[in-house]
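Look at the two complexes coming up: chain A is in both, with chain B in one and chain C in the other.
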Partner chain A sequence: MTAELSIIRTAAETELIERFSHVRPVLPGDGVVKRLRDEAFALFTASGLPHRRIEEWKYTDLRAFMRDAPPLALKPEGEAAARLLGQAPPLGDLATPQLTFANGHLVAAPSDLAGIEIVPLADALASGHPLTARMAGLEIARGNTALALNTAFMADGAIVHVRREAGAARLELRFVNGAAQSFATSPRLFIVVDDGAELDLVETHQGPDGLAYQVNSAVEIVAGAAARVSHVRVNDEGLGALAVSTLTVALGAGTDFKSFALTKGASVARHQIFLGCAGENATIALGGATMLRGRQHADTTLLLDHAVPHCTSRELFKTVVDDEAVGVFQGKIIVRPHAQKSDGRMMSAALLLSEGGTMNNKPELEIFADDVQCAHGATCGALDDDLLFYLMARGLPRPEAEALMVEAFLGEPLEFVVRDDVRDALAGLAATWLSERR
Partner chain B sequence: MPAVQETVERVKAIDVDQYKYGFETIIETDKAPKGLSEEIVRFISAKKGEPAWMTEWRLDAYQRWLTMREPKWARVDYPPIDYQDAYYYAAPKRLAGPETLDDVDPEILKTYEKLGIPLREQEILAGVKTSRVAVDAVFDSVSVATTFKAELAKAGVIFCPISEAIREHPELVKKYLGSVVPVTDNFFATLNSAVFTDGSFVYVPPGVRCPMELSTYFRINERNTGQFERTLIIADKGSYVSYLEGCTAPQRDENQLHAAVVELIALDDAEIKYSTVQNWYPGDAQGRGGIFNFVTKRGDCRGARSKISWTQVETGSAITWKYPSCILRGDGSSGEFYSIAISNGRQQVDSGTKMIHLGKNTASRIISKGIAAGRSDNTYRGLVSAHRKASGARNFTNCDSLLIGDGCGAHTVPYIESKNASAVFEHEATTSKISDDQMFYCLQRGLSSEEAVALIVNGFVKDVLQQLPMEFAVEAQKLISISLEGSVG
Partner chain C sequence: MLEIRNLVVDIEDKRILNGLDLTVNTGEVAAIMGPNGSGKSTLSYVIAGKEDYTVVDGEILLDGESILELEPFERAAKGVFLAFQYPLEIPGVGTMTFLKAALNAQRKARGEAELTTPDLMRRVKAAATKLAIDPEMLKRPLNVGFSGGEKKRMEILQMALLEPSLCILDETDSGLDIDALKIVADGVNALRAPDRSSLVITHYQRLLDYIVPDTVHVMANGRVVRSGGKELAIELEANGYADYRQQAA
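Here is the complex of A and B:
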């Protein structure tokens, strides 16, 4: 049907518009930042919250999911922050310098790391830190409403600048959410990795179950020539949360970039990755493991722009869907004209463990160059009966046999994680999830 | 890696400036006044001598169309279409119900001769076995001839222009028309429902294997007209029919609109094979002229164990917007889609299929090849979905695209939606995984892996194309054998 529709603003949209006019004067940043916010918000006022008639949001109707817009979270101070952070178990004993965020506000950051500059975002915006001028620079992410909303409301977060002399730098971004009442937060990270520098980044998001809070986070990474960046993201938000997250990546020549996302939390999760190759010979590996149950809805959307020749990318995303959950994978590889010798391979595999689960896959290719190699694959199905029989015939009870198979299924993308300790911690989270299966 | 030289040459041979069917037949025509209105809809209905219920059906569609917007989601870009600046009905003047071919304007007969379409029924010579094809020839808005009607009638098969079916077999038309593609399905289908002029109607009774291939040849001739044909094919229980469709148009600088609707219905154990060689005028190398081809084709496997198979060879049209689909409603039904889309010049193709698995143990298979050359854009867009009750559904999709030169684009947009755990969907873009067993068998017999892939993927397509009654069947054969070496997903 293509019948004419008149768009009526939802309660959440109306609230966001009113809120922006109230908070705009007090949000940090001068003329340049204000202009950035205004442009971003204009995108939102023009299109409203993205809905299913917008191709990129076809399977995740944010307009329907986001019924209201709860108030912005205030910064928990002192003891309140410590209490909140104490409620969430750390990912593991990672021995990594930590930036901690309580309800999206930076509450602690290491100050003495050689070669790494960390500036709280509010300070950076207010003081006109030179790096703020480079924020929101990735062209392919410009029209994205979720990112635009983050840009419009960004008030806290951090700017991180990793210089070459930092050596093999490690950082953990630890986000813990929780409050007595529903709230919204939109933290923003802007991370610049200089030419030849190295960064290993772990990003965890946690929150309590049973609280309907909204997170719209964004991490921007700009990697210089020959930089090496590996990134791991864990979504362990509370099961009542609506968690939209955006990762934008701009890669210089010869960079090596890896990103892995484990998703098991939130009622509605959408993780979007926008990656642009600005220099030749970049190597990209993106992986993901998503585990869903109950009525969870999780969407992984990625857009990879092979804008220059000789870049290689590998994507492997696996989704396990139990109960009545809904999994979504949308991937798009663009190979621009003249981006010859691009090599992109994208794979999405889904396992439906129950009768009521749903998986929507959309692996897309958009190719404008003739000397490239691109492939995509998508599979969707149940556990293999023959394999299950084989394991059960060897004395494994059915739940254990199933768990073993699911573990093996998720194990493949976990290989994208470089650090052994992080990989073990993630495998532990997956094992816990499996043990919680009825 | 880039395309191999042989492929480049073969695609070049069918480049837009090589279009062979661009001639125009000069004849007097009877046209409706320009534009689209309720009066025009009534005019068309009256011209066709339709009963009142059909006129009402059309008017209802027209009213609904007025409330609809043109879809914009496809990857095609064209200037706005002025729906008031075209003729919605054009028919050769000397055609007041021709009884025999001798009554048909000789110019039209010459046209079909030039196109290589046999309108004279070939007799079976003693001892000589020739393959015979029944043809319905549609010229602009009317059917000019339908061959072998009598012989088909002996087998109980009804094969006639749809306008005749509306008059002669209203009970069948009423029962099935719009039951697969509802009136309000989409903008172009609704437009078609209001103004469709001719097309073919086929009914194959239970248990009958249609004694010959059926085919319709569509020709747009008149300037400034659109062609809106409607085809309805019903295969009753346990029957079989193979249907071929071809289309060409004169070379002109203006764009002409073609918005067709094809509905297929297969009841229990029935099988329909539908093949298309689409060769509308593609426009010139600068993108001037060419047909805008907005087509809704859908088959409904309504009965258990029924089967619908779409085969298409797409080389023509400036814009192609076409998704032949299968609704796999009956338990154990199956759908197939084999497509080769080749775009040259400034052609834009957005084509693919939809396989909607509703019944238990339904199976579908999609093999699509897109070849883009010149400055064209070639998009495969396909949906495979399994609904809650589609236990045991299976799909295999393989789509390859190939680019020739760096001025063109090849895109793949698959949608894979599963709501049933026992449904097994595989979407593959690499040729090596077709079937290891089949590949092994071929390789073992000394074929190279590329030859083996060509054999496996194309074997069935060749079967269909060998039956094509058209001159360019030979070319279609060549297209099939085009090497996809260097293809990308």
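Here is the complex of A and C:
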């Protein structure tokens, strides 16, 4: 007797397969890029959408969350793009050169920045820009299905090359989403920071509430020796959004890298960070502040690879969970056999403001070297009643006392943000979130 | 004026206060003394409005109005101030941020205009100087890394800024060396005023050498068992609490 083995696919998976076969011929890029797309898509067809029986997706069952695969967003032209961008308030008054994306399509970019080359991704892929050959190069991210789907479908975005002569370069990536109908978009950024170059990058994602749209974005950063990169990401997507994002980082020797993510938007959010140390003496600081309410679900998943000796990393992620929301933190630090004198410290702390909230904390260390300092910790708790009483006894009404304590809780990772103006803007977002709670 | 009548208080079904009566007149400094476990700290928490306690019976009146139904912040706005025995550390909340929030919350509750930052700074600096508080401490998160004496002085600083009508000092002398005790006592004495009452809770008579009370009340087993003038404190210091333990039991 023989049994026929057939894979049962979900509606979303079937739609993705059909869509890929339709758009593949028209997606930008020649043989090399097509091969990259095909390999990436093959990873998806083999495994399907990741689900809870896959360890890395245990707490965020993408197959269950992603009920359909809406059509790919077209590029809004002229007035439509301007209208869309006008709907989203900018993050503070940052006075920073902006790359603007409407539904994942690059609609405006500065062209005259000394030492910075910016090429629309579609052009770069179509013309075979030399840097495209270095895309999707981080080994530890290669098996990730979400990133693979971005690679398969990437149609727009940008390649940014920061040279040393740019000095202390600043850029803002401003993503604004919105349309009458549900859509999907997969913007891709590939950012190369040369040896000794410096980049301050702010990335904001916004969209309207009440629209079910899907974003699967990816930002790849390759930093050369002694480069300095600070990165801030803001997820202020609409509350109907499914927002998956991947940050991959490859660090050269002696780099200084900081990344901070504020998450308050989207119905389902998953932010993945894959960071590999390729050169010794890198200094890494990763932070996050997540604020959830209603039935929001937000996942931060981090994989940090101390592949070489003498690198130092600090990770501090804080999550505030209200109502029935669900927070997830998964952080893994790997120290490879020869990566002696690695120093890694990872902390995830959650504050539950309601009886119905959930936090899943999973910190992990995989250490294969013997002369290292590594630590991890995870906490989960409610506001301290004694502290609340102390504040109330001084005259603060309960909501104000709670807000002060939540702000204090989130204030610690906010210190990872280098720029005062950006930090103030983020603190403002947190304060707004708290004021909406009352 | 503070009037407490037949106050009965439980915590998790355990009776702590058992028919306590106490009157503190306006402008009066009353000392509460008593052995460990007599209910002194509970009394201070119940007046300030801590939630963990169940008021089974009795009444607490401030200027003739019951405060039992009021939230802690409402009691604070009415002038109740509790200087904690163990002031809490609040990481991440700057001392100045906290002082501004507390002052303005109370002013708002009383329908007064909020203080401007320069005005606040002026007031805080003046009060801090009197209490020998290092201005650097004001830049740190509230009470974080402060010594026991610094924390107590910070409580008195808050009391001076908030200008309460009822000051409750819960074992403010505990953990203080003699110099710190003098500074704190001077701070409290400076706040003595005809329109302000104080309830000074202490184990030891020593504090009362520096903060001389108008009346002294002895607590045992959850009630006031004897009241008198300041000479009662001296008598207690000499004879201890043994008589009162027996009397109450």
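The definition used in the following text is that the second predicted complex is superposed on the first by the 431 of 438 C-alpha atoms of A that agree within 3 Å, B and C clash if a C-alpha of one lies under 4 Å from a C-alpha of the other, contacts with A are read in each partner's own complex, and residues count from 1 in each chain.
Keep in mind that, in the parts below, a residue touches a chain if its C-beta (ideal position, glycine included) is under 8 Å from a C-beta of that chain, and two chains touch if they have at least 3 such contacts.
Just so we're clear, the structure is a prediction, and the values are computed from it rather than from any experiment.
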item	value
Fit or clash between chain C and chain B when superposed on chain A	fit
Contacts of A:R398 with chain B and chain C, given as first, second, both or neither	second
First, second, both or neither for A:C380, with chain B first and chain C second	first
Superposition-derived angle with apex at the Cα centre of chain A and sides reaching chain B and chain C, degrees in steps of 10	70
First, second, both or neither for A:A369, with chain B first and chain C second	first
Touching partner for A:G357 - first (chain B), second (chain C), both, neither	first
Which superposed partner A:P337 touches (first chain B, second chain C, both, neither)	first
Per-residue touch tally on chain A - higher for chain B or for chain C	B
Partner chain in contact with A:E55 - chain B first, chain C second, else both or neither	first
Minimum distance between Cα atoms of chain B and chain C in the superposition (Å)	14
Chain B and chain C footprints on chain A, overlapping residues	none
Touching residues on chain A, where the partner in the complex is chain C	385-387, 389-398, 400-401, 404-405, 407-409, 411-412
Interfacial residue positions of chain A with respect to chain B in the complex	1-4, 55, 337-338, 340, 350, 352-382
In the complex with chain A, residue positions of chain B that touch it	1-3, 67-71, 73, 184, 186-187, 388, 401, 403-430, 486, 488-489
Parts of chain C lying in touch with chain A, wherever the complex brings them together	48-52, 71-73, 75-77, 80-82, 84, 87-88, 90-93, 97-98, 101-103, 105-106, 109, 141, 158, 162
